[in-house]
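Have a look at the structure below before the remarks.
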Amino acid sequence: MSTVSPPENLEKDPRVKAVFDDIRATRKVDTLNNLWLYLAATPDLLEEVWQGVKVVMATESALDAKTKEMIYIAVSIANSCSYCIHSHTAAARAKGMSAEEHADLLRVVSLAGRTNHLLNGLQVPVDAAFDQDAS
Amino acid sequence: MSTVSPPENLEKDPRVKAVFDDIRATRKVDTLNNLWLYLAATPDLLEEVWQGVKVVMATESALDAKTKEMIYIAVSIANSCSYCIHSHTAAARAKGMSAEEHADLLRVVSLAGRTNHLLNGLQVPVDAAFDQDAS
Amino acid sequence: MSTVSPPENLEKDPRVKAVFDDIRATRKVDTLNNLWLYLAATPDLLEEVWQGVKVVMATESALDAKTKEMIYIAVSIANSCSYCIHSHTAAARAKGMSAEEHADLLRVVSLAGRTNHLLNGLQVPVDAAFDQDAS
Amino acid sequence: MSTVSPPENLEKDPRVKAVFDDIRATRKVDTLNNLWLYLAATPDLLEEVWQGVKVVMATESALDAKTKEMIYIAVSIANSCSYCIHSHTAAARAKGMSAEEHADLLRVVSLAGRTNHLLNGLQVPVDAAFDQDAS
Amino acid sequence: MSTVSPPENLEKDPRVKAVFDDIRATRKVDTLNNLWLYLAATPDLLEEVWQGVKVVMATESALDAKTKEMIYIAVSIANSCSYCIHSHTAAARAKGMSAEEHADLLRVVSLAGRTNHLLNGLQVPVDAAFDQDAS
Amino acid sequence: MSTVSPPENLEKDPRVKAVFDDIRATRKVDTLNNLWLYLAATPDLLEEVWQGVKVVMATESALDAKTKEMIYIAVSIANSCSYCIHSHTAAARAKGMSAEEHADLLRVVSLAGRTNHLLNGLQVPVDAAFDQDAS
């Protein structure tokens, strides 16, 4: 049950087809995740979102692909986005995340959740030493 | 301005001194961050929190220390914990995070923030393929 | 599956019936959303919540009804309240939100999600020019 | 630095003065917290907010006043509302919260933060036994 | 549908069995909640989480057991953790929370949600009087 | 105090200067907000963020510019991003938001905060009627 419905004959729209082809080629997959199907109702948004994901997640950058997926999971957990947690856990596994690394990720994420709440409760002043000019 | 005040003569309490000594030895530092000073008012909590942080962050595990700090930053950003963002950005740098890696981290975190909101708005059903039994 | 169950014969309680009648009359509907049925177990809370919703959402005010529903959706997305996202997306459509406006809403909400995370990560100081005395 | 500025001669407006008098009488205080001063610019909102706070927090109900303030702190921490954390920590102390109770509150809140993140990461299915019909 | 799957023959691992036995003995129950079953795949994490929950929730401390569960619910609501809301509502009831107390809890939590958003929107400066040195 | 520091001679880098010139031209301003100055340390990120903001916020679309800024404020409040709340409140005013509209926005945002928490606490099942196929 979602707030929009994907259009029929999704790929009849050439803009949708172009994005879908690019996703399949970039990710070397045949099947697209539901997100893309539901976004096809609004080609502008589909193009923008895929472009944003592609440039950050499917392009070589300072961090490796597996680490980027694990960071994505961490944010998605803190934001309670169920779809995102599922899709990026699957993606991280596809990029090599082991069961041990997944468990370690969850340990760090939940520890951060704990101290985030503790520090928000204490309202401790930020140390002068953390200032970027002193780093 | 915080909701508690650190006690005077922090290390007069032997339990506090024991934790502080362990932090200094484990982290090879002379100065303790404000968090620990403010927690000293409640030695039970101080011991529990340090024990939790030590076992997850200062112990060898599946993920390397720098990656763990970057995941910590990601969660702290999503939870809007200013102190935690500052302290773990400093810690990640101390463990080798480069300016390029920091910028890449922020790109992934903010992209995740974007798609987390998009997916929550769309309420797209989770793909059957994400089920852990199919992974 | 919820944490409370709606009572049987909901409208036997005259306080519940009075609120339900007012909702039907104010919204010009025959059927009540689940929220109201589940709140009927606690008439005090039912009265308070309906009064709060009625005075803000069903009363003429500076913003038009459709805009208010879109703002409601935006907050509900950021708070990851699935029920609220569904109910207020339906309400915004009933008040005239087009598919194009919905897509535009999601673009703005997800962009805000992105820069909220970026700014929280950077901890950029607030510009003096944003101070209300200078506005 | 706030997004609105309190008007001058706050109590010249009789609606503002009436609310302020009621706050002083209800809380038995001479000085009003900043929140009320800043809300005085919009008397409608001032009246609504004070009415909402008064009926829930300053009226006898199932939970005692101290417990209600501690629950308020817990929510404010999770929502990262700095002003609210400060004001309700002060209010809870005024209603008898001891240093030990405050520390215990922070232990529970931070443990909840930890397991909230863990469960969101695991996406464990809700037990059938938690269904309200079985409670 | 979760992101991990519980192992078969859960209690074959002596570390898992030891934790499960301790949960059953501490809580005086025969059946374990799903959380523990899913955590059994990673005995380290299982031990850490149970230890953390036991020391805070199942040990005598400044706050009584029912109040601690209600605070846990409050945080879980604000963090939108569906599993946690369900499990701790059930736990609070098991420890004596009445329907009236549950309704009162929800009134306080939702009022806090309201003023947290209002204060974040206003960015009102924190009163000097809230400083812990003045408390 | 931020986690990065803006480089000196910001506009010496031609990529930075190009973005800054485009911001000044698009927004018809002489002075840039701090966000852009701090992003200048990482030209890639600066370009991406400005491009994203420009295409959504500074381009004609289904929603008018003032409404888009108010939606931005709503999300920023729920995410507790202080900088974003300040900057978009200023931007909404620059695009015509009146004091009455601002107060009405805060009423809707805080009401949504209230019912978001209430519904998360109740875990009410989503009405079948909200399904997009029935809209």
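For reference, chains read A, B, C, D, E and F in written order, and residue numbers begin at 1 within each chain.
Everything that follows uses one rule, which is that contacts are C-beta pairs under 8 Å (C-beta built on N, C-alpha and C of every residue); 3 or more make two chains touch, one makes a residue touch a chain.
For clarity, every value in this text was computed on a predicted model and none was experimentally measured.
Participant: Once the contact rule is applied, which chains count as partners of both chain D and chain F?
Facilitator: A chain counts here if it touches both chain D and chain F, which gives A, B, C, E.
Participant: Going by C-alpha centroids, which chain is farthest from chain C? Tell me that one.
Facilitator: Ranked by distance of C-alpha centres from chain C, the top chain is B.
Participant: Among the chains, which has its CA centre at the largest distance from chain F's?
Facilitator: E
Participant: Report the inter-chain centroid distance for chain B and chain F in whole angstrom, where each centroid is the mean of the CA atoms.
Facilitator: Centres of chain B and chain F (C-alpha means) sit 27 Å apart.
Participant: Please tell me the distance, in whole Å, between the geometric centres of chain E and chain F computed from their C-alpha atoms.
Facilitator: Centre-to-centre distance between chain E and chain F: 34 Å.
Participant: Please work out the Cα centroid separation of chain C and chain D, and write it as a whole number of Å.
Facilitator: The computed centroid separation for chain C versus chain D comes out at 20 Å.
Participant: Residues of chain E that touch two or more other chains: which are they?
Facilitator: Within chain E, the residues that touch at least two other chains are 1-4, 48-49, 52, 75, 77-82, 85-86, 89, 103, 105-107, 109-118, 120-123, 126, 130.
Participant: Draw the chains as dots and join the ones that touch; what shape do you get: line, ring, star, complete or other?
Facilitator: Looks like everything touches everything, fully connected.
Participant: Quick check on the complex: what are the chain F residues that touch chain A?
Facilitator: By the definition above, chain F touches chain A via 1-5, 48, 52, 55, 126, 130-133.
Participant: Tell me, which parts of chain C touch chain A in their complex?
Facilitator: Chain C reaches chain A through residues 80, 85-86, 89, 99, 102-103, 106-107, 110, 117.
Participant: For a test of understanding, state which residues of chain C touch chain B in their complex under the given definition.
Facilitator: Per the stated touch rule, the residues are 73, 77-78, 80, 82, 85-86, 105-106, 109-118, 120-123.
Participant: Which residues of chain A touch chain C in their complex?
Facilitator: Against chain C, chain A makes touches at 1, 3-4, 41-42, 44-45, 48-49, 75, 79-81.
Participant: Can you check the complex and tell me which residues of chain C touch chain F?
Facilitator: My answer: residues 1-4, 31, 33-35, 38-39, 49, 52-53, 56-57, 61-63, 67-68, 70-72, 74-79, 81-84, 86-90, 93, 98, 100-101, 103-105, 107-109, 111-127, 129-130, 135.
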